[in-house]
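In the part that follows, the structures are each spelled out as structure tokens.
Shared between the two complexes below is chain A, which pairs with chain B and chain C, respectively.
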Partner chain A sequence: MRHESRRLILLLLPAGIFFAAFFLLPMARLFFIGGSGKTGWAAYAAILTDAHYFSSLLSTLGVATATTAATLAISGISGVFLQRHKFPGNGALVAMLTLPLAFPGVVIGFMVIMLAGRMGLIGQVTQALTGEKLVFAYTMSGLFMGYVYFSIPRTILTVMAAAEKLDPRLEEAARSLGASPWRVVLDVIIPGLKPAFISAGAICFATAVGAFGTAFTLAAKINVLPMVIYTEFTLSANIAMAAALSFVLGIVTWLVLAVARTAAGSSVAAAG
Partner chain B sequence: MTTQAGKPLAIALENCAKTFPDGTRALEPLDFAIHAGETVVFLGPSGCGKTTTLRIIAGLEEPDAGGRVLFDGEDVTRLPIEQRNVGMVFQSYALFPNMTVAGNIGYGLRIRGTQEAALKARVGEMLDMMQIARLADRRIDQLSGGQRQRVALARALAVRPRALLLDEPLTALDAKLRDTLRLDIDSLLRSLGITAIYVTHDQAEAMALGDRIVVMEHGRVAQIGEPREIYQRPATRFVAEFIGTMNRLTGSAKNGVFSCKAGNLPWAEAPANATEILFRPEDIRVAESHEETGLQGTVAAAFFLGDRTRLFVEVGEARPLVIESTARRAFRHGETVRLAIDPRGLVVL
Partner chain C sequence: MKHRGLFLLQLGFTLVVCAFLIVPVILSIMAGLTVNYFVGIESGLTLRWVIEVWNGYRDTIFLSIGLSLACLVVTLILGVPAAYVLAKRQTALTRAMEELLVMPVAVPGLATALALIVTYGSLSGFRTSWGFILVGHVLFTLPFMVRSVLAVLSAIDLKTLEEGAASLGAGFWPRFRDIVLPNCRSGILAGSLMVVTLSMGEFNMTWLLHTPFTKTLPVGLADAYASLRLEVGSAYTLVFFLMIMPLLLALQAFAKPRPAKFVAEETE
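Entry: the complex of A and B
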């Protein structure tokens, strides 16, 4: 027994050191720096009371949530389709899907501008069709588009791996009981893919909360936390505020993911 | 029991063949009628096309062009499984892991929009029928294999299907559980009077459950018949060897006597061209000392099984004869025994 637990501690040691060195200590430090500015601990209160900070927090969470939802919907459908239907060029297509992962955020931002910017494709097409130019690259919508584009690949890959493990007998059993194809998706495929959705969704959400390069490229009207932190840090040299915002960004992301995980976990038991 | 609605379903397969996209010919053209209320067992070695046939009946596979599936005379070939109202039970149980036992059993009814009270009553009825009432609120991963298969049966029967299709439902279970559940399935099928199609590679299961057995080999039907007929009058060597144990003697027939290395066997109806005779272990015995017999061999091995002794007797053939002896005596290795064969059990192919 004693021997066993000692070995367990030994095995946990690397992870423990890593966790302490790269997570706990910096977070703690960040927390104290956040309270060391001119206004002291009020910096944290400011995040809630200052309209500028608070709205940027909300829009960050908003765009991350929207990105996660859209990504899961698109990747869920395409992932299952790509896994089920092998057609010529299937492999090449899947390989191409991983491309956006290699692009830095700046390149993604650039692509969004080429598509929905002032000289973008969507602008030209809408001008030709309606006489009015549709430009949304420099807004939240542009950011949302860039994030979705960036998040889809790895989510599709996760979904495909999970779809391969779905038991086809479950779908056949449901159909034999009278389930329409739509009911099969609802009652068998989605519950079966749920673990994949949760893990891919968590990564997608966290990435969208923290991504900076794309927002920086699109700049202008976009007011998301990473941009605000950057501005506080470099332009205003308000290091304490930047630290307080960073800390809150980390905590809120962690909270949202924890809540989503618990909700998803308990819905498994409640489904019966 | 009055749990099944309506009269049982008659199923007919007409010219049903199956070639998979990769070119595998899983089923040669098959014509076969399953009577209403009958239990038909498809029996054969792995890969012979049993599951494929079952899936064609279920509506999970379409037969090749020209094939037709008829339910009570109505063509259902193009009807997908969700509209055929057939119950399915799989070897792997295929229970929904995100639902409880009761949730699984009630699933088909919920899809049909059954009223909550009626649904509850029916689920309760099925739980009782399968003797799993105390498991109602369990999650699926908290059940044993035998319990899972009971839930799967209850789920399939809850919607009162027109026919029940079972694909090796007992194969994943251990021997003892297999026996009890086989008995339960047997009495269930008889009491419901439902048309049932049962796929297995276990001949004992096939014998016990089937009103008729379809023996398959390489996508072809080798023989169709009642269990007794299949066992006693196998149509081909494959059927003879696949089901039960078959003894074989080679030689020639002349003037009502079959002569082989073991000696001479008087057999009045011996066909003149017979070069080989087959018979079951229960149709041969060790002769008493006063009996007259022209056959003998040497004991190669003897296994005392309690109620009988299984003897392997060397007679100069490719394989020794298998004899189940109930004689109250011990047999020695190398001992010479005289043998008596009941001519009524002889088969010539």
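Entry: the complex of A and C
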């Protein structure tokens, strides 16, 4: 048995060394560099005390909250519907809804530009209808649209997997007791899907807080934390501030996912 | 009758969501093949933009393919043995390690990339090589390989299988090779597809880790979106779609639940 343990340690060692050298050590270094700037350790408080950083924190959390709410509502409706009703074409719809699963943020940004950009579809349609060209890709609304686009495929998959495990007898019981469809949704389906909603919602939120590619494609002017970090690092060469902000950002997303995991009682893994 | 109305309402809603996701993809594919997108499809179809992308950004395509394959090799070597150990010893320690291992996925790529730069950026030979990007990609994709293999290993009765083999005289390494690896091949396959797909599309980290000589496909895409005409950006996106679509279709096929036949098949 001793021998066996030694072999198991040997098998775990390569991953352990790699991880320690390229994640734990760099993260520790990032933490110390964050405190080594002009303002010292106060850099870690700057996200709350500095008006500029605080406002981008607020808008980041705002867009992430809106993304999470919209994505859960959309994917909840479509996911339960597609799981419950098997009709011809169902599989094709699911395939289409999960198609953008592996699109990186930059490509999603471009998809938003195709829809709501200067030469986008929405602009053309609104111009034809009202004479006024609606263009919002390069603003916070465009970013919101991109994050929803990004989050729908993975959230729908989670919701469908959870809806499959719901017991239809509970709904029948509720209906036979005279509950309206709306009450069945509120009192039976939503509570049943709660763990899935929590874990999928946490992933939406964490992605929207930490993602960078979509904002980068849309506009440098969008005032969200990842863009601020990037600007601090490249344009202002303020490495200490960039380090402090990104460390805080990392803690926030990690905490959101960890809390959600305890709340949902199942495994939560972000992607993208 | 009321039921039918509700059904149609939900169907309509789902179709709108589908359109939201698919229409821009179609628009972009069209734009990449149109002479002048502003004029419209009447201006004619052309492969000019695709060829322009091929001539200008060929290197990024090859680098991305090479990187994702290298990433696959490394995650296989590091991830499969790690998953085996995590499946075999379920203690507080191994659970904590699993938790740690997933952190690079939870933490934004921007933070991980900055951490790598401040730690290893001064090793200029390493910083300017594609190995620097590879390290980032491995960090980000390793959890997917580990989890995918772990999921399969937890679903089978590993202990009985191994004891059976051991009682017949199989040592540790033959057991690992002949019992463990064949049993988790579906997990390895699903994990591999995931790793390659994610590595191919990774941008958050790569944008900070890349140098002018190590541009990956998504980095090239961001470049093209920012500085070239819409048709070229679209054509480039089209090339990207062509590369990841087969991977995605394979992933979708594998995401379907499989009958749990592994135990019966292997223990007969």
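Just so we're on the same page, the second predicted complex is superposed on the first by the 222 of 272 C-alpha atoms of A that agree within 3 Å, B and C clash if a C-alpha of one lies under 4 Å from a C-alpha of the other, contacts with A are read in each partner's own complex, and residues count from 1 in each chain.
In this text, contacts are C-beta pairs under 8 Å (C-beta built on N, C-alpha and C of every residue); 3 or more make two chains touch, one makes a residue touch a chain.
None of these values were measured; they are calculated from a predicted model.
Enquirer: Going by the touch definition up top, name the partner, chain B or chain C, that contacts more of chain A.
Expert: Of the two chains, more chain A residues are contacted by C.
Enquirer: With both complexes overlaid on chain A, does A:Leu121 touch chain B (first), chain C (second), both or neither?
Expert: A:Leu121 sits against chain C, while chain B stays out of touch.
Enquirer: Does the superposition put A:Val107 against chain B (first), chain C (second), both, or neither?
Expert: The answer is second: A:Val107 touches chain C but not chain B.
Enquirer: Figure out whether A:Arg29 sits in contact with chain B (first) or chain C (second), or with both, or with neither.
Expert: A:Arg29 sits against chain C, while chain B stays out of touch.
Enquirer: Is A:Leu61 in contact with chain B, with chain C, with both, or with neither (first, second, both, neither)?
Expert: neither
Enquirer: Could you say whether A:Ala173 touches chain B, chain C, both of them, or neither, answering first, second, both or neither?
Expert: First partner only.
Enquirer: So in the superposed three-chain picture, is A:Arg183 touching just chain B, just chain C, both, or none of them (first/second/both/neither)?
Expert: first
Enquirer: Looking at A:Leu143 after the superposition, I want to know if it touches chain B, chain C, both of them or none. Which is it: first, second, both, neither?
Expert: Neither partner.
Enquirer: For A:Ala163, using the defined touch cut-off, is the partner it touches chain B, chain C, both, or neither? Pick first, second, both or neither.
Expert: A:Ala163 sits against neither chain B nor chain C.
Enquirer: Return the residues of chain A at which the contacts from chain B and from chain C coincide.
Expert: Residues 269, 271 of chain A touch both chain B and chain C.
Enquirer: Flag every residue of chain B that touches chain A in the complex, lowest number first.
Expert: 58, 60, 80-83, 85-88, 90, 92, 94-100, 102-103, 107-108, 111-112, 137, 139, 152, 155-156, 159
Enquirer: For a test of understanding, state which residues of chain A touch chain C in their complex under the given definition.
Expert: Listed in rising order, the residues are 3-4, 7-9, 11-12, 14-16, 18-19, 22-27, 29-30, 33, 74, 77-78, 81-82, 85, 93, 95-107, 109-115, 119, 121, 149, 152-153, 157, 181, 206, 209-213, 216-217, 226, 229-230, 233, 239, 242-243, 246-247, 249-250, 253-254, 257-258, 267, 269-271.
Enquirer: Contact residues on chain A for chain B in the complex?
Expert: Touching chain B: residues 167, 169-170, 172-180, 183, 187-188, 191, 268-269, 271-272 of chain A.
Enquirer: Can you list the chain C residues touching chain A in their complex?
Expert: Within the complex, chain C touches chain A at residues 6-7, 10-11, 13-15, 17-18, 20-25, 27-28, 31, 37-38, 77-79, 81-82, 84-86, 88-89, 97, 100-112, 114-116, 118-120, 135, 138-139, 142-144, 146-147, 172, 197-198, 200-204, 207-208, 218, 221-222, 225-226, 230, 233-234, 237, 240, 244, 247-248, 251-252, 255.
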